[in-house]
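One chain, chain A, appears in both complexes that follow, with chain B as partner in the first and chain C in the second.
Presenting the complex of A and B:
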């Protein structure tokens, strides 16, 4: 018997906290006359997106036992898809505006040529590559945010699960996929501007007159809604019989297979669904970040994703949120140079230099001594029925 | 004479006394000269020749000097080469009174020169300091003299001189050198030099011989010659000129190819441009010019009755332009069809400047050269791939032990490679001799990383033997901590790890194939490790225990083996090898804190592709990956990023079909 999702205490608490947090941030933002700076609102909004992709990671790793080191690639792909539209539409506006000064009205070819030069001049191109065919249509690009990561995950997952690549082999394979993707995007002729990536993504076409402080609020709220929806969806998936089978696969794949379940189908579903969630999170993240380049997709990013989930606590969805929010915000604080240096007399510890070391050591300690992560603390407070 | 004039011009009224003294001195000198001349013998033939050319030689201008040099060089007179050499060495002096040349040496007092014969150095009397002029050829003239001297030097008894002359000749070949070279070739005894001369003779024959048959023979003799010189000599013979005519090529023209306008080699625009340049077609008015004409004719927002706002397509603009044409407001332009018809009525073709017999031979020879270049290029790629494979093997072999034999994923493996490289760097700070420091660094890197590996195993990995995924994450934590530590200690800029000189060069096999000694050294190192590890694992007590713990730890421990100790040693061994690989990699790569992370994914793939738990598998994996990457680069040499991308995709697909790698363990060993 499936209990209603909304009767689960953890879901209710998370949703309530998220709502309260959203209302508080919106109320205190600059746009509403508060003191929270626009950049901080953006950082918080981006953190919500990271929480969403962490939930996807928790679903695929914490519940299904697939340690994917490639989910940040799906995240990046989502960002690229929405970034293409933003960049194309924005450049088109600028080009059309500039053409108004000319005596003759521009021909469509002239506009396309100007956009091509504007966007791809930096990588020595002038033609708009074929993968930008739909870049002028917001709806198609939004569809691609879901389709491109989804189809890549479907094909990759089908190949991998079909031949029963499991455990560390799968992890290495997903890492190889991420590396291949980022190396491919680093090429200038990849059609996505090589290592320059896509930039100026904070300027949303159609919202020119809206100040960034308001745009940041829109994206913050959108991210919060996406996170809430993602959380409910994930909680729904793992709560029913489906969730039990998935957890069974995590704990003993062979046994579940012998019970007659099509293990590959379950894994493929979870893998693809989480890739789609990651893509959506990325599509919300990068307009707030303003720039995306292939370095974002480097294998290390996906490993960090696993680190967040592990520190937050695997196999519990709120753990993923805690881990992602805690570690990424702390990272921003320490590496942003805002943390005070510690003077030891003989040497000064600068956090910009030592934060990574601390993170690495902390991560080893969590893995060794607290496999349940920060989320495990909840177990001390709440006695399980 | 010139000098006297200078003196007179320099005269100023206020220095009358000094001028008077000067005139007196000149008179004295003139008397002395006449005395000297009287005492001299008649000029020898070579001196006669010099006398004939005295004005040119004295003028010393690069533009006019050539006949003089040629006259001396071609005279066939005894001592002509000596004269040229002395001229080049600025030893010649000319006597102003009669233009005769001498060698001169400063005499007992500083106002007189002792004169000697230009060839024999016989004393020829004396002259005053003002009476003789040193001939100072400038560098241009000296180069001309040197070229002329080549023919004498080619027969010089000193082989070093002959070799130098041959090299000079090849730097600036000319038709005149062909005959002296052939003459010298007949007299040469040194077999090495004879070979070089013979080759130079063929190179010159290809370019300057008049007899066509001889040229063809010389051209064909270069088939299979890989040198740049051969290609540089042959290729210009295939120069073509682009011609266009209505009738097509003449009978006697050696047509390279007929070009179709609109093809890759000749675009329509280029074809039409050519016609315009030959005055065969009117100048075309391009789109931009037409648009400008439209803008000029805007009146009240209309162009020829068409509203400006509607001119937002090419067709609309062209229609408006035709209207302007009809009104006679703008010059007539060609329509696309007219242009196409005009171009179609002409034949475009390229003509060789050389006759057909020559170009045919050159084409055949170049094809043969290209075949052997491609063959050696393939060999070169194969050697490259082999060295890349040995690098991957070195980087992955330590991982093959920890991952393959123990089943432990060590993400910090790359950082052990980095630690090895930094160990090498630190050792070089204390031991300046590169060879000695390398000898110290290799075992030291092993010790350092062995200790680090044992420490990691004791502190972290031991607790996670049954949770491989968590080992992966924990060692990743170690990896980022170590990377940042290295950054804090050594800074972000690359540190040099310099190879000793004897590893510096390259083994050059021919113009296409060359292998640097570092790569050979890494290959040798890889082989040593392969043999060493095979020996340790298969023929020592430690290897036996490692294998037994790998297969069944509990059974092994009941046989009196301590699995803890064995795991610790195995992990240390794998890490230590990573350290040595780090020193080797540091020799050719930049030593930075992220040196290792560049190899970690490739290393894992090497192990996985090869088959876990098998040294031979790692070898096979490294070979496959190395050759694959270079093979892909061969098809697309400009793009190593793409090569890596495709290689990884290939590996992902490969693992679909052989999930356990090339050498899969079978039976009980696979279960462990």
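Presenting the complex of A and C:
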């Protein structure tokens, strides 16, 4: 009896716009002989990934009412997992190539040692840490993109929701989680190269002969597909009774319990699912960014995520896309040094610094005067029956 | 004769204040019972204990023919066992339509996966329309429940309670804010429901209790002061002293 998810107007419009945008960007890219620079294509592809993690944030916060300020940790973990394979496989190629010049063929152990020195020399190590055990297998690392954020969210969520930690306490706990993870990764012996992070992630092993302009298109299209699929999945699960229950949990958790629903199970489900989506988004983002380091999952990143969703409008999915795209692109523009400075005579507003102030003011204004965010404008156009 | 719900020797204190003091209470499988008592007599705390919101310091609460203890169960588990609750202040999900509120309450598997995969069939739709008819909200089904009047929200909550198909209904002040006609309808409904299920009504309004025409339990300072027909308890001198005399009601 449930209408097909693909018949919802908002889903159709989002998918059409996304398709049109993808076709336009691909058509105008350098790879297709257009004028759109490769770095801009990468920025746009990364923006699509941010939109995907924003959808996850909207599911967990806008629909289920859990203000998680730690979802960027899952995003970062996804990036690290795929980054490990890229770095390992790429370094292996280089090592093997270099060894071909030697008179004796190297033993597998020698190759492994050389890879270890190459990757971990920067943090004063040479041994490959145990967490890199599967780094040579793309498929296992891709599985870990889903499993590592998923399991972390499952354990963390189980502990938190079981103890009925809610509201601001839960937000603080999630901040603590992402801070702890970030501090841990900053350590040189964490096994993930400390503050150097993983780099050279734009060089995808196996695609050496493919120019970056083409690689960027591959990732851009993959990001667009992931965003479209994530949007449809999210819209699908909130369209039926599950959506009713999670919105009920957001509005009156106790009442949902008295209806016989195990609120903790629902929260855990949403928390874990969104962590997995965030992990996938991160796995697509960082090969386009080229580098990941622990600063990426600093507490502020997850707060930005909440700000995007608030500015875009909570509880409407497309609001998350609008907010993430709008704010992150503006941020790129303002901090990229292309925004003209304003000379006030006694002081100069340099947008690289003042952008944060502008964003803060915008956030306060949206919270006070437009709690529905930018997406709320849609309500003026479409009068609900 | 086995009681559906048995509460025996239950006590609970909040910061030293004894909200419930050695309370014992029983209800049969198809029985209508009114609980009355002055403010602070422990009526709401009693409901909180039965529904799992509050854990008593001592005593036992057992349910059903096999006497399952409810003390270690969560609110959701108790609700799934068949105890439904209607709150004093109507609490419906205001952001959602009347229809969706009722769908959520319908007796169905309650797990996340079953909720995701749930497909409403003909029977469920019919059931919701029948319920809407019963609670007089047929025309309001598509409306956001936040737009309903106070009385309509009361009705919606009663409808949600019925949709759960519980064996025991705990109803807190159902008639508050209702018109005379609506009260009569509520009375009829509750008496009807009590033919096959147990119903406990907490109520202040004596006229309403009289119309229910059922056994009455009077609570005072966390324990049962008197029990019997309304006429019986209203003639009890202790009841007159602590409750009826003070509030000036008949």
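The rule we apply is simple: the second predicted complex is superposed on the first by the 381 of 385 C-alpha atoms of A that agree within 3 Å, B and C clash if a C-alpha of one lies under 4 Å from a C-alpha of the other, contacts with A are read in each partner's own complex, and residues count from 1 in each chain.
Convention: a residue touches a chain if its C-beta (ideal position, glycine included) is under 8 Å from a C-beta of that chain, and two chains touch if they have at least 3 such contacts.
Remember, it's a predicted structure, so these values are computed and weren't measured experimentally.
Novice: In the overlaid three-chain picture, which partner chain does A:204 touch, first (chain B) or second (chain C), both, or neither?
Specialist: So A:204 meets neither chain B nor chain C here.
Novice: Between chain B and chain C, whom does A:360 touch in the aligned arrangement: first, second, both, or neither?
Specialist: first
Novice: Who does A:261 touch here: chain B (first), chain C (second), both, or neither?
Specialist: Touch partner of A:261: chain C, not chain B.
Novice: Which partner, chain B or chain C, is in contact with more residues of chain A?
Specialist: B
Novice: Classify the contacts of A:292 with the two partner chains as first (chain B alone), second (chain C alone), both, or neither.
Specialist: Neither: A:292 stays clear of chain B and chain C.
Novice: Figure out whether A:107 sits in contact with chain B (first) or chain C (second), or with both, or with neither.
Specialist: The first partner, chain B, only.
Novice: Report for A:175: first if it touches chain B alone, second if chain C alone, otherwise both or neither.
Specialist: In the superposition, A:175 touches chain B alone.
Novice: Should A:269 be classified as contacting the first partner (chain B), the second (chain C), both, or neither?
Specialist: A:269: touches chain C, not chain B.
Novice: So in the superposed three-chain picture, is A:67 touching just chain B, just chain C, both, or none of them (first/second/both/neither)?
Specialist: first
Novice: Shared contact residues on chain A for chain B and chain C?
Specialist: Common interface on chain A, chain B vs chain C: nothing in common.
Novice: Considering the complex alone, what residue numbers of chain C touch chain A?
Specialist: Within the complex, chain C touches chain A at residues 51, 53, 74-77, 79-80, 84-85, 87, 91, 93-96, 100, 103-105, 110-112, 115-116, 118-122, 125, 142, 160, 164.
Novice: If you look only at chain B, which of its residues touch chain A in the complex?
Specialist: Answer in residue numbers: 291, 294-295, 298, 308-314, 317, 409, 411, 460, 463-464, 468-470, 472-474, 476-485, 487-488, 597, 601, 604-605, 608, 639, 641-642, 644-645, 648-649, 651-653, 655-657, 659.
Novice: Touching chain C in the complex: which residues of chain A?
Specialist: 1-2, 237, 240-242, 244-245, 247-248, 251-252, 254-255, 257-263, 265-266, 269, 385
Novice: Quick check: in the complex, which residue numbers of chain A touch chain B?
Specialist: Of all residues in chain A, those touching chain B are 67, 103-109, 156, 159-160, 162-165, 167-169, 171-173, 175-177, 179-180, 183-184, 186-187, 299-300, 303, 306-307, 310, 353-357, 359-364, 367-368, 371.
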